[in-house]
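Listed after this line are the structures, all set down as structure tokens.
Each of the two complexes below includes chain A, the first together with chain B, the second together with chain C.
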Partner chain A sequence: MDLLVQGIVTGVLIGGLYALMSLGISLSWGALKIINLAHFSFILLSAYLVYQLTVTFEVDPLLMTLVVVPAFFVVGVLTQMFFHWAKVDEFKSLIITFGIFIILQSLTQTIWSADFRRISSDLNVYGSGSIIIGGIALPTPVLLAFIVALAIAVVMSFVLGRTYFGKAVRAVAQDPEMARAYGVDTRRVAVILSGLSGAFSAMAGVFIAIGQAIFPGLAVSWFGVVFSVVILGGLGNTVGALTAGVIVGVAAGAAAVTWGPLAAPLVTFVILIAALLFRPEGLLTSRSVA
Partner chain B sequence: MTSRARVLTGFVAFGVALFFVPAITETFDLPRFYVIFLFTVFFWIAQASSWNVLTGFSGYFSFGQGAWYGIGVYTVAVLTGKHGWSFISALPVAGLLALIGGLALGFVVFRVRRLTGEIFALTTLAVAFVLASVARITSAIDGGTGVFMTGTPIPEFLGDFNTAMYRMTLVVMLLTVLAAYLTHDSRLGWGLFSIRDDEPVAGGLGVPVFRYKMTALGINAFFAGLMGGVWSLQLGFVTIEDVFNIRVPLFVILMSVLGGLSHWMGPVVGAVIIYTFSDRLNSAGLTDVNQIIIGSLLVILALAVREGIYPRMRERWVTTLVTFGGVIAVVNIFNLTESLITDFAFAMLATVLVLMIPDRLWTRIRGGNDGDDGRPTKERVGPLAEVET
Partner chain C sequence: MNKIKRWRYLAIVSVLALLVAACGGDGEGSDTTEAAPDTTEAPPDTDTTEGSTETTGATGEPEGEPIVIGGTLALTGFLAPTAAIHQAVGEVFVERINEQGGLLGRPVEWQLLDDESVPDQSAALYERLITEDEVDLVIGPYGTGNITAGMAVAERYGYVFPHHTASLTYAYNYACHFSSWSTGLHPNITNPNLVYDAIESSGNTPETIGFVINEFPGTMFIAYGEPGTDEGGAVTEAENRGYEVVLDLTFPTAITDWAPIAAQVADADPDFLYIGGLGVNASSLITAMNAIDYSPRGMFTQWPAPGPLLETEGADGIMSVTIFEEHPPFTDDPEAVEVAALINEALAEAGIPYTKVETQAAASWTAWEYLQQAAEGAGSLDQQAMCDYLLENGAQTLFHGDIEFFPDEQNYYVDLSKVKQIQDDDWFVVYPEEFAAPDRSVTYPLN
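And now, the complex of A and B:
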């Protein structure tokens, strides 16, 4: 019984990490109509950067957030500027970002090799730590990820729902032409949103770097989880992404406890198929951006 | 002769000519490597052509090629390697299982009403990974240990291993390209193109949208699985990492984008060119950078060539022949390379570069006339250019 409760709690927390990983893709797909597969590489690269910087300078890995998050904000901005310049539509965005994904994937492998890398525990105090409440352990890396994901979801939902920028984003998502006609600087909105997407991906990378061993093949293994979360959560819906992340996390965690860790991807995919069959528009559609 | 009769005659002629290549290499004592090279090209032609029936014709972007291919590989590997089936009896099952897998996915995803195209693309991206994890936890399939194929006997009438591989891949490749051609040249093809251009309108005008999409996906999955089944012999030892990786979808996308998505010949041309390059890069010891180059190429091509190389080859066929033949001649006269394949790689590279010159620049070079067919160029850029078939 305890094992199951523990599994569920861990699943909820991991759901936060899943949500964080999915936010970038969900936002840029929902609002900018660009399916950016390169986000998987952004997450992976960010994790590797955190690993490398921590090991090289022997500092607290969480401090690296201050480096990678702004860095990937800039990357996100540049990506969007490139898409604008090349006039990329959805179909092409798939091909092009897939190409970028392949390039970054091979680069990662060339630079860091295919070996497992992990920040050693004397540098990474969070890695193996956990907070114990009532006999249930909350592993620090995913706990932090969950808190950050929750904060981002709440803030983003406020920003998208209540501010001028949010209104502009929703206008762009609905009809870019009309938004432009009414004086919205669509280019700027898109660029900022893409930057934010990059920053969220970098954030996910930080928690992956402190929480687990990293290797280049990881990025491919995220496909299923992230798409399930994106589709179940509804495009561009940050609160939806967190909810969906928790559902997927709990289901995958329960499956891992019951049938072993290798069954988790299968359960994720079943959720994805179920979502497509019954709620293709996402769980919390009414608040969606798109 | 009608155009269909001409193409079919071409098929037969080409098939017969290619069929005797292994015998010719033997007679003239050419390296066996040529045969292996050619049947790998056949493999890629079949994969790219089958992918294009779905993605090129109907516009539904698929990353699922690796999944259908993998189902084919594992079906044959498991049935022959673990259950003692003969190769010939296992092969059709490979195609059928891939077909069933494809249709099952299509049945779910094609019924989603919003964003079907995007959701289809992303789901297919996840499918191969899910199949990999199924294979990994099911010891009846793989169980993480891999499956040995070395004990599988090949039917004797096909000759020694390489010749047998050559003949089987040749037949499957010809069947796949034929299927692509017949799809392209039929009511189904027109329906698929109309789905690509505007699905709601196509549906409204009476195109059986769901059935056509399922058919295209079925053709794609069946031939990918069939060729996968044949290819399991070449792999010999089948592992999850080798089969369910990103390489197959990456290559078929690149090949078709280079060749051109809207004609059945596009992926054939693209497959020949891309595999030749990739093979030369590998033999030059550039394996590490290979994938980086391939990825960059994909980005550049997606940005630079809208309709692919093949339509331009037809439009500027004189230039194509002159460039290709010229480079082959020069390379041979000065004896610059050691291998025939390298000659071809250089010739193809030069041809592709020449063909990639943008239309506007091209007209300027040719003095305001595109030269090849004598029609003034302006006519082709007007709105009517798109109506032209």
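And now, the complex of A and C:
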């Protein structure tokens, strides 16, 4: 029983990390109609920057959040400006951002080599730390990721639902032409939203860097789980992304404990297929901007 | 956007996600187990000795047309972290051989192509290297699947095929393939027993053991024996010794969440944990076990990335297998020290964080030595003559000593593996005793 509880608890927490990795893609796809596969490279690049800055300056890796989050906000802004300039639509975005993904992956390999990198435990106190409650361990990296994902989901849900900017985002998502006719600066809205997506990817990169070894090919392994979360959560739905992340994390974790680790990816893809068949609009459609 | 259009994009992205996820890995390998076919065609132009000298061991400036050695490596993709080591070592070898007078008096060029970690791509590129580029010699790629695929092409054209670290020893019956990773034909028996002997050399024998095995074919072979047979395997060999198997898990190569496995290890609480892992598997599992406040009493991992393990909290005391480490008695030969220093430098220049020579770099260097000695021993680039030379004379290698080749043992010689252990934040060979670093022996249990 403890084993299953532990599996579920860590599944909930890792769901936060999945959500953090998915938020940017979900917002970008839902509101801007951009399927930004380069987002995976942003996460990886952020992780590498956190690694490099931490080992170079021998500082707390979490402090690097102050560097990478603003930096990737700017990257997100520039990316959207490029998409705007190139008049990229939803389908083209899939192809173009896949190209950017490959280019950035190669760039990562050129700079840091193909070998594994890991922040040493001397510099990374979070890597293998945990909080024990009632015999159940809450691993620090995913616990922190969950807290941050929860905060972002709640704040973004409020922003998108209750503020002028949120209304503008929803207007842009539903009908950009009409939004423009009503005085919404659609370009500005898109640029800010893309910047936020970049910032969220950087945040995910921080927790990847403190939680595991990184290498250029790592990003490929995230595709399945992230798209499961994005589709299950509903496009542009931040609370949905967190909910879906938790569902995927718990289902995969419980399956791994009950039927063995080989069952975890099976469950993830069953969820993806089931979501496409029965809830292609996502679990929490009323909160979606799309 | 209308619903049909949205559905179309959802479907496209989902297919893409499935495809990429299916192709992807976690840097720790994925493989095919197809054995090389038996058919052998005549090579298009295998005897390219024109312009070469018949002398061996030339020491002057190499002259004449360069000898082109073709090969692929996983310069990109999930095998790239380890293939980068083979690239650096190959470059050092080629530079050194040219400085020492070349091969058969001629300069050597390495035509290296990127197989992208994909076996099919490896096969296609070896086909191109042999039939279109008409390279003089070939050297194997990295990764069991890629080696298997490349070997089939080399066999078809009768090319001598030295390779580094293919793990499915039973699958290769091509007489002219030469593995530089001497594990014997039955590492599924010899390797686990070496590890168990090492543990017991501490004076303590585990009563219970747990297995966590990557479903990569090579690690499955070592853990469970050859598919379709009930011979050997770490699990069976443990049971034969009377260890009680309290955990036996396999996990996918592309794993993202280690917490459930860590929880199951903690729940089983074995006296010894055997991780049939690759790359950073062990590092990730130890981190996940630390996170739930669990430390095994003893650990072994099959083929790890050595650098990240040294950086991992809680990895002290973990064991693994190796064929060379940079300490006595392996470094008693000054030339080994000199070459190791060159490789260290090349690895550092390539940006690879862990620069010491161990299994991968040593096996890579040895494969190049096979090729050099085959050509020099045959006195030509005739593939069959080179193959015959190696089969009859074996090879004298810098990092492994004298190697013999027995075709009925699939040219894997005997198992030269040693057991190493992380002690005081570094790797040391601890077993067998005659290969142990000075004043080092197996530490078990750890807590």
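As a convention for this text, the second predicted complex is superposed on the first by the 284 of 290 C-alpha atoms of A that agree within 3 Å, B and C clash if a C-alpha of one lies under 4 Å from a C-alpha of the other, contacts with A are read in each partner's own complex, and residues count from 1 in each chain.
As a working rule, a residue touches a chain if its C-beta (ideal position, glycine included) is under 8 Å from a C-beta of that chain, and two chains touch if they have at least 3 such contacts.
All values reported here derive from a predicted model rather than from experimental measurement.
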{"item": "Clash-or-fit label for the pair chain B, chain C on chain A", "value": "clash"}
{"item": "Partner chain(s) touched by A:Ile100 [first = chain B, second = chain C, both, neither]", "value": "first"}
{"item": "Partner chain(s) touched by A:Ser113 [first = chain B, second = chain C, both, neither]", "value": "second"}
{"item": "Contacts of A:Pro265 with chain B and chain C, given as first, second, both or neither", "value": "both"}
{"item": "First (chain B), second (chain C), both or neither touched by A:Gly127", "value": "second"}
{"item": "Dominant toucher of chain A (residue count), chain B or chain C", "value": "C"}
{"item": "First (chain B), second (chain C), both or neither touched by A:Val67", "value": "neither"}
{"item": "Contacts of A:Lys92 with chain B and chain C, given as first, second, both or neither", "value": "first"}
{"item": "Touched partner set for A:Leu277, first chain B, second chain C, both or neither", "value": "first"}
{"item": "Contacts of A:Leu150 with chain B and chain C, given as first, second, both or neither", "value": "neither"}
{"item": "Chain B versus chain C as contact partner of A:Gly211, first or second or both or neither", "value": "second"}
{"item": "Clashing chain B stretch [against chain C; choices 9-17, 45-53, 117-125 or 171-179]", "value": "117-125"}
{"item": "On chain A, positions contacted by chain B and by chain C", "value": "35, 90-91, 94, 98, 105-106, 220-221, 223-224, 227-228, 231, 260, 262, 265, 269, 272-273, 276, 280"}
{"item": "Chain A to chain C touching residues, read off their complex", "value": "2-3, 6-7, 10-11, 14, 33, 35, 90-91, 94, 98, 105-106, 109, 111-121, 127-130, 132, 137, 139-142, 211-213, 215-218, 220-228, 231, 249, 252-253, 256-257, 260-262, 264-265, 269, 272-273, 276, 280"}
{"item": "Chain A contact footprint on chain B (complex, rising order)", "value": "59, 61, 63, 108-109, 111-115, 117-119, 121-123, 125-127, 129-130, 133-134, 136-137, 245-246, 250, 253, 257, 288-289, 291-292, 294-299, 302-303"}
{"item": "In the complex, chain C residues that touch chain A", "value": "1, 6-7, 9-14, 16-18, 20-21, 23-27, 75-78, 80-85, 117, 215, 249-252, 254-257, 259-261, 263-264, 267, 279-280, 283-284, 286-288, 290-293, 305, 307-308, 311-314, 350-354"}
{"item": "Interface residues, chain A side, partner chain B - complex", "value": "29, 35, 37, 86, 90-92, 94-96, 98-103, 105-107, 110, 220-221, 223-224, 227-228, 230-231, 235, 259-260, 262-263, 265-266, 268-269, 272-273, 276-277, 280-281"}
